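Paired with chain B in one complex and with chain C in the other, chain A is shared by the two complexes that follow.
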Partner chain A sequence: MEQTNRRQFLIRTAQMTGAAACIGIVWTVLIQNQAQVAAHALRPPGALSESDFMAQCLKCGQCVNACPYDTLKLSTIADVAPIGTPYFIAREIPCEMCADVPCVPVCPSGALDRNFTDITKARMGLAVIDEEMCLSWRGLRCEVCYRVCPVRDKAISLTIVQRETSRHAVFEPVIHSEHCTGCGKCEKACPTEEAAVRVLWPQFVQGKLGEHYSPTQGDNFKVQDIGKNTNIAKELKPGSKEQAAPGMNYFNQSGGREGEIPGGKP
Partner chain B sequence: MTSLSRREFMKKSIAATTAATVGLPVTKAALAQARNAEAGWKWDKSVCRFCGTGCGEQVATFEGKIVAIKGDPDAPVNRGLNCIKGYFNGRILYGEDRLTQPLMRMKNGKFDKTGDFVPVTWEQAFDEITAQFKRVYKEKGPAAVAMLTSGQSLVQEGYAAAKLMKGGFRSNNIDPNARLCMASAVVGFYQTFGIDEPANCYDDFELADITVLWGNNMAEAHPILWSRATDRRLAAKDSRIINITTYRNMCSDIADLEIIFKPNTDLAILNYIAREMVQRNAVNMDFVNKHCVFATGPVDIGYGMRPTDKFAFPAEKDTQAQQLKHTIDKYEAIAQRRKEGTVAETAKAAPDAHWQISYDEFKRGLEPYTLDFVAELAKGDPDESLNAFKNKLKQLADYYISGRQKNILSLWCMGVNQHVRGVWVNEQIYMLHLLLGKHGTPGNGAFSLTGQPSACGTAREVGTFSHRLPADMLVANGAHRARTEKLWKLPAKTLNPKVGTALMVAMRGLEDGSVNFVWTQTVNLFQSVPNTNHWLKAARDPKNFIVVADSYPTLSGKVADVILPAAMINEKWGGYGNAERRMQVWRQRVNAPGQARADVWMMLEFSKRFTLKEVWGELPLPGLKVDGFPENKMPSVLEEAKKMGYNEDMTLYEVLFAHADNKKFAWPDPVAKGEDNTVVKLLGDGWFVEKALFEEYRQFTVGHQHDLASFDEYYADNVRGLRWPIVNGKETKWRFSEGNDPYVKPGEGYNFYGPLLKATGTGDLDGVKDATPKPLPGRAKIFFRPYAAYPEQLSKEYDLQLCTGRILEHWHTGSMTRRVPELHRAAPSAVLYMHEADAQARGLKHQDLTWVETRRGKIKMILDTRGRNKVAKGTIFGAFFDEGVQVNQLTLDATDPLSLEPDYKKSAAKVYKA
Partner chain C sequence: MNEVKNGATMTTESAPQKPVSRPPIRHFQIPLTLGGKLYVWRFLIARRLVQIGVLILFIGTAHWGWTLFNQPVLSGDLSSSRFLGVIPLSDPFAVLQIIASRHMPIFDAFLGAAIVFLFYLLLGGRVFCSWLCPVNMVTDLANWLREKVGVRSLFIVPAKTRYWGLLLALILSFILGVAAFEWISPIAVMHRELIFGMGIGLIAVLGIFIFDLLIMAHGWCGHLCPLGAFWSIVGRVGQVRVAFDDAACSRCGDCVKVCPEPLVLNFKEAARHGMIRFGECTNCGKCVSICPEQCLSFNLRACIRKGAEPSQTTHNSSS
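And then the complex of A and B:
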C-alpha cells in the first residue's frame, strides 16, 4: 500500500512539475532539460521514434500507472529523460514483457503505438556485452544473462568454444539485435559489480554497414543504389561547346608542370 | 590500487589467472603490476564451499578479512575457473545477518518452549542443551536423541560428531543430509561392489567418447564439470553427449541425443539396453565370467513410507496406502511377468535382501523389455511421436554397444538417487558397464557424481550415517565394531549394534514421539526434507527439543529452541572430499564474527558435560536383539572401562578427544604457516584438534583400501588434494583394475575386492532357492531389477507431475547464496516452470501468481512458461532454494526402501490462479 501511495505521489509530482513548467515558472530549467534523453533511460514498449514520441507524449503518466511492476517512471527535473516523460532503467527495474502490454493501450496520444501488441517486437533498447569484464567470456560458468532472458536462444545465445589448452569450454553469451527487445532483464541480473551487459538505445551501440556492401548472399543488396547521391552530369551532344563534359575542363587544363602551356596547346 | 584503475587491475589479474589457466603468455610487467596492487595480501589454497565438484580456490586475506578469491589455476579439477557461486565464495561469510550470538527461547529468565529467542551466553546455551539431552537420554535411551549433520560438514567435524554419538553416547542416531542426496548411490555401491565410492575420476571427462547423463542436470548442478564435458565434445569431433532426463534442461543445448522419459521408466530403458546387449551378442562374456555374478532381489518392497496412516493428513491417506498394498498396473504386469490387477502386498522381508541367479535367469528377466514395450511405457513428451522416440532409444542402445574402441562414461546424480527405486537404477547402470566390461578404466565407467562438497569425504568416508563406522565399516557388523572399539580405545560392547534412525525416520520420529532431541549442523532440514508441514509442526511439540547450529537465520532456526552461531569455511581448519575421492584441505584464514564457533568446538565442548557413568552404564534400547547383547538394552561397560584405566568420573572429552595420543599433536605446528586456530585457543589445552582428529581417523583407512595421506601431506604447497587410496605416496585414479589400483595384484586384470555382502544365497527371479551363503570373492554383482511404478500417480484432481531440483545461481536452501545480493538479484525467487499449453488450459499466463497444491500442502509460486527448464506438457518444475516458496511443503516423503533416500521428483500436483 505504501508503495502505491509513494508511486502515486511521484507521478503527481512529476505531473505537477510539468504543469508548472507550462506556465513558465521553471522555464529555463525546462529548456535545459529538453536536452537528449540518456542512453540508458529506456522508453516503454511501442514508443514511436524519439522525435515523434516527444512530439506526441502528453506526459500524462497513464503508461506509468498501468505498469504492474513499477518499471516505468516519469522523469522529474534534471532527470535522465526530458521532464514528465516515461522511462525505465534496466539495472533498477527491467521490463517484464507482459504478454498483454498493459502500458500501451492506455496511451491517449499514440506516443505509444496503439497497433503495437506483440511484446517480442518491442525494441526498447539493445543489450551489449563488455567482453572484457563478462565472467562467462572469462571462462566462468555464469551465463546469468542467458538464463534470465525472456527470449533466450534468440536474443541471447551461448557460443560454446574451446579455449587453447584449457580443458574447460567457454560459454560466451552473444546478443542478437534482431530479437533483443531491450527489456533489460540481463542487465538487472548481471552479477558483476557494474553490469557487464548493458541495455542502451540501439543507436548508441549499433553500427551500420554501407548499403552497397553485402556481406552475405540474399541481403537486400541494391546495386542501383550505389552512387545514388553523386551528381553525375548529363551526357552532352558530341561537339557541344556550351557546357563542359565530365572531365573536359580537367583535360583542357595544363598539367601544372613548369614550362607547360595552359590548355595543353603549344 | 592508486596507480592502477580498478578496471585495469581486474583485467590484469584476471588475465594473469586466465593466462595461467589456458596457457597464454602474460607479460612480466602485467604480472608485476597485478602483484603490486595486491601488496600485503596473503593468498592460500582453499576449496569451494558449494557443490560436489570440489573446485580449488585461492583465497586472499588482508587485515583479518577475505579480500579476494579466485579459481586456483593449479587445481586440476577446475584449472582456475569457477561458476558464479564459486566467484562469490568470499562474500558468503559477510552477509549482514550472520548469527553471532547463541539464541534461546526464554521466559522470565528461563528456557521456555513458548518464549521468544533472546541472546544467551554459550554457557547458558550448553547448560540447557545438556539438561534437555539428559532428560531424553535418561528416559528413553540413545535411540531418542539424534544428531543430524551434513555433506558440507568438514571431515574433522563429522568425525568428532560421529565419535561422540557412537563411541560416547552409544547412539547410532547420527545421519547426514547426504541421506537426502547420496544414500541410494551408497547402497548401489555396497550391493554391487561391496565397497563405497566411485571407481572413476574426473580425468575420464577428457577420455570418454560417449558421455551419457542419466538424470543429471550437470550444466547447472555441476557447472565446472559440465564445461569439461563440453570441452571434450568440442575437442573430439566424434565424441557424443546424451542427455536422458524427464524435462529439457541446459544440458540438451549441446547434447547429440536428448531422451525425455516418464518418471521411473529409466528402470525399463536400462533393461532395454541390457536386452539389446544380450540380443546383439555384445556382452563381454570373458569379463563377466571372470569378474561378475548375476543377482536379483525382492520386487514388492514398498515406497519407504510409514506403514500406518496414523500421522497422515486426510488427503495423504490414499498415497500412504500404497505402502501396504499396490495394484500391479498394465506395464508392471509385463515388466514383472505378472497379471495386471494383482494386489501386491509389501514384503515383510528386508528390501535389501538379494541372491545370486544364473545368466539364463538374468536373460529371462530382461526378455519383456522390448523396444515396442519400453518405448510405449517410457515416452515422456506427449508431443513427441512414438516412432521418433523409438529411434532415440535404439540410438541410445547403439551408443552403448558401439564396440571396444569407444570409451563410454555414464554419469548420474540426483535424478537417479532421489528415486523410489534409486538403488536399483544405480545398480542397473553398473549392469550396463559390467556387461560390457567397461568400468573403472581410463574413459570407461559408471561414475556416480556427488552433490555436496564433502558428501564423500565426510558423510560417507568418515561414516556419519546411522549404519556406518569410519572407512566403510558397519555398525551391524561385530568385527567392524570390534576394530573401531580397538582404535577408539573403548571397552568391548560400547558400540551400539543396532542401526540408528535415518534422517527421514528421525524427522518422522519427532512427530511420532520416538525421537525427542535433535541437533542439526550445517543443514537446514526444515526446508530441505520433503513434506515439511509435518516436521515444522512436530518440532514445536513441547516434548521435543531442537538445537540448530548455523551461520545464518534459516527456516529451521524458526522452529528451533536453541540457535548456535556457527563458523564458516575459512573461519576454521578443515578438509572436504569430492566425488572423485579427492581430499582437499585449507587453513583457518579469518576469525568468525562475534561468538560464532566451529561445529567441532561445539561437539568437544558438549562432550565435556558428560561423565562415563552417565553414558556407559546400562541404557534402555527398545528393539535391540543381537547375539551377545542383552535384549532391549545396552549393557554397562563401566567395569571393563575401569580395567582399561578409565574412571567413571572422566568426561567424554578426556576419553574420546583430549587423550594422550591426540595431545601429542601440539599447537602451534609449522603447517600453520602463521595462521591462527580459534578452536585450539578456546579449548586452551594446547593440542592441535584438527590434525589429531584427522590422524586418528586416518588409522581406519590405511591398509583398508581407503588409505589417506598424512595431514601434512595434504597441506604441502604443491598439493591440490589427493585421490585415495594413496599407497606409497601415489594416488589412485581408477579402482579395481590392474595397473591403476594398488589393491589389484598383477595378473588379476580386475579385482572387485570390496568386502561387504560378498556371500549370498542362490535362487531364481522369484526368490531364494538355497539360502546357504555362496561366496563371490573379488566379483561384482550384475543385478536384474524390474520396472516398477511410483506410488503417487497422476489423477484427475492432481494432474501435474511436480519435479524439484536446483539452479546454478543458488546452493541448496539458499541460506548462503541468498545473502549474496548479486546472486539474489540474478535469481530472486523460485518460479514454477510449466509448458505454455498447460498454462493456457488453466487460464494462466507467464508471470501469474499461482497456487501449487499437493495432498500435503499448497504454496504460491510465480509461473514461468519461458523458463530455463523447458518442461513437457504434464510436468512442472520448482527449485527448492527459496525460503519464500518452500517447495518441500509439497513433496512426498516416499523413499527408496533400501537407501531411505526420499524421492523429491514425483509428486502429483495441481496448479491454479492465486
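And then the complex of A and C:
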C-alpha cells in the first residue's frame, strides 16, 4: 500500500515537472525568438549593453513619451526589436541629439544609464558608407551626410582626392568611429534611393584587432608580448632552448619543412 | 413579498454544531427599472470607469501631451509609469523578475514598486486584476458571451496552476537573464498596444478572448495568469474585504455562479471568518451587487467581526 502510494506520488511529481518543463521550453523559445534585434534598430542614447538592456528595460515607454521628435518607438510583436523595448530607425526619424537628453533621466529601471549626460558620447550606432553607391565617392559634389552631421569634422570628414587636371577632385566622406554617435541624420539625409550611408549597430560593422596588436601610432602596429606561457612568447624570446611551435616567427626561420637546410638551396 | 424571520424555515446543510435555520431561497432577479439596474451594476460601472480612465490618462499623456502643473500627467504604462513627473510607479512583479534575472534596477524602480506594492497590500485582494488590468475587460466579455451562448469548457486546469506559472516565470527569468513573464505577458502587450498605438499585438488579446470563451472558463485570469498569482499572494492580508453575513445567507448560490473565482466563495470559510479571506478574490463586487439577501458587502477587515456568530439582529433588509 505504502509502496503504491509512493509510486503514485513519484509519477505524479514527474508528470507535474514534465508539464512545467514543456511549458518552460515553449516559453523559452518564445523569448529567444523575441530577443533578437535587427542591426538597424537602434537603441536610445545611454542604453546599457544589449543583454543588460533587454533584461532591465521595463518596457514602459517613458523614453518614447519623453522624446520630442517622435524618434523612439516601442517595439511590437512583429517588429525588428525585442517586444516592448524602445528603438528607432535612422532612415525614418533619426535622433536629434538633444543636449539635455530627455529620454534618459525618465527611465525608471536604469536600462538607460542616468550617469549618461553628454550626448556626444552616445554610441547608438555607427555609420558606414557604401563607397560604390555614394554620390560623393562617385565624383559628384553631394556631401549631404557631411553637412547634416551634428559632429561634423569629427565623426565625418571629407578626404579630397585629386584627379587628373580635366576633372575636379573627389570629396570622399569618411566616418570616424571614435566620434560617430550613431544618431542617423546622415542616413536620413542621404539622397540615394536606398541610403548609401547606413547607421547600424557598431558590432555589426566594426572589426576588432586581436589582443596582441597595440595600435601605437598611425598605421604602425606592434606585436606585444602576450604572456610568458604561450608558445609565441617562447618563440620570441631570444636564446630559448625549448622547442617552440612554429608561429609568428615561422617565416623568419628559413625553411620549416623537414629535410630543408636553413639558408640552403631547396 | 413574504419576509420570513430567521428560524421559520428550512435548514439547508448541517453545520458542525447545530443546525442553522436559514431564510428561504430567493434567487437574484435583475431589477426592471434603469435605476435599479444601474445600482446592481454599480461596481461594474465603477471598475470600467477606473480601467478606462487610467488608460485614457496614459493615452492622453503619450499622444496629446497632457500636462498638469506643467508635468506630464501619467507617463508610461502599467509596467512602470510616473505620475505628475514625480511619483514613480512600477509593477513589483516586473521588478522582482528583473532581480531574478540577476540584474539590479536603479532606486526609482524599487521606489515605484514599493509604492504600488504597499497600495495593493493595504487595499487587499486582487484589486489590480479587476479594477485596473485591461485584460479584465476582455475576459469579462468572453465570460459574458460564454454564458450567453452556453459554451462548456473544453478542459479545465486547477486554479492553483497560476502559482506554478509564477514560480516558472521566476525560474526562467533566472535562467534566461531576462524578465520572463514581461516578455510574453498579454497584459503588458495589450496595454502597450492601446497606449502606444500599434495594433498587431492585439492578436495576443484575441487569443485570450478565444481561450476564455471557447476553451476554458475563466481560463486566463482565474487559472493561469502569473501576475494574478502574484497579486493573490499579496492580497491575502489587505484591508478591503467582502464581508459575509452568514445568518442572512440563504445559500442560493447566486454569488458562486457569478464569481469569476469560484473557489473563493467557500461558505464554510466565509462563515468562520465573517468575510472572504482568500487572496484570489479580486474585489470585483459582482457577488456584492447580486446577493438577493444582501449578506455580502465591502468592508474593512478591521471592522469585520472575526468568527462572526450568526447574528440574530438585522438580516431581513430588502430593497
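Things to note:
Following the convention adopted for this analysis, the second predicted complex is superposed on the first by the 177 of 266 C-alpha atoms of A that agree within 3 Å, B and C clash if a C-alpha of one lies under 4 Å from a C-alpha of the other, contacts with A are read in each partner's own complex, and residues count from 1 in each chain.
The criterion applied here is as follows: a residue touches a chain if its C-beta (ideal position, glycine included) is under 8 Å from a C-beta of that chain, and two chains touch if they have at least 3 such contacts.
Here the structure is a predicted model, which means the values were calculated and not measured.
In the superposition on chain A, A:G110 contacts chain C only, with no contact to chain B.
Contacts of A:I77 after superposition on the shared chain: chain C is touched, whereas chain B is not. Shared-chain residue A:D52: touches chain C; no touch with chain B. In the superposition on chain A, contact of A:K121 is made with neither chain B nor chain C. Of the two partner chains placed by superposition, only chain C is touched by A:N65; chain B is not.
Overlaid on A, the two complexes show chain B and chain C touching no common residue of chain A.
Those residues of chain C whose C-beta lies close enough to touch chain A in the complex are 61-62, 72, 75-77, 79-82, 88, 90-91, 94-95, 98, 101-106, 108-109, 112, 164-165, 168, 171-172, 175-180, 182-184, 188-189, 192-193, 195-196, 198-201, 203-204. Of all the residues in chain A, the ones that touch chain C in their complex are 16, 20, 23-24, 27-28, 30-32, 34-35, 51-52, 54-56, 58-62, 64-66, 73-74, 76-78, 82-84, 106, 108-110, 114. Chain A meets chain B in the complex at residues 96, 98-99, 132-133, 135, 138-144, 147-148, 150-152, 158, 160-171, 188-192. Of all the residues in chain B, the ones that touch chain A in their complex are 7, 10-11, 14, 18, 21-24, 71, 78-84, 86-88, 205-206, 223-224, 226-228, 230-235, 250, 253-254, 807-809, 822-823, 825-827, 845-847, 866, 868.
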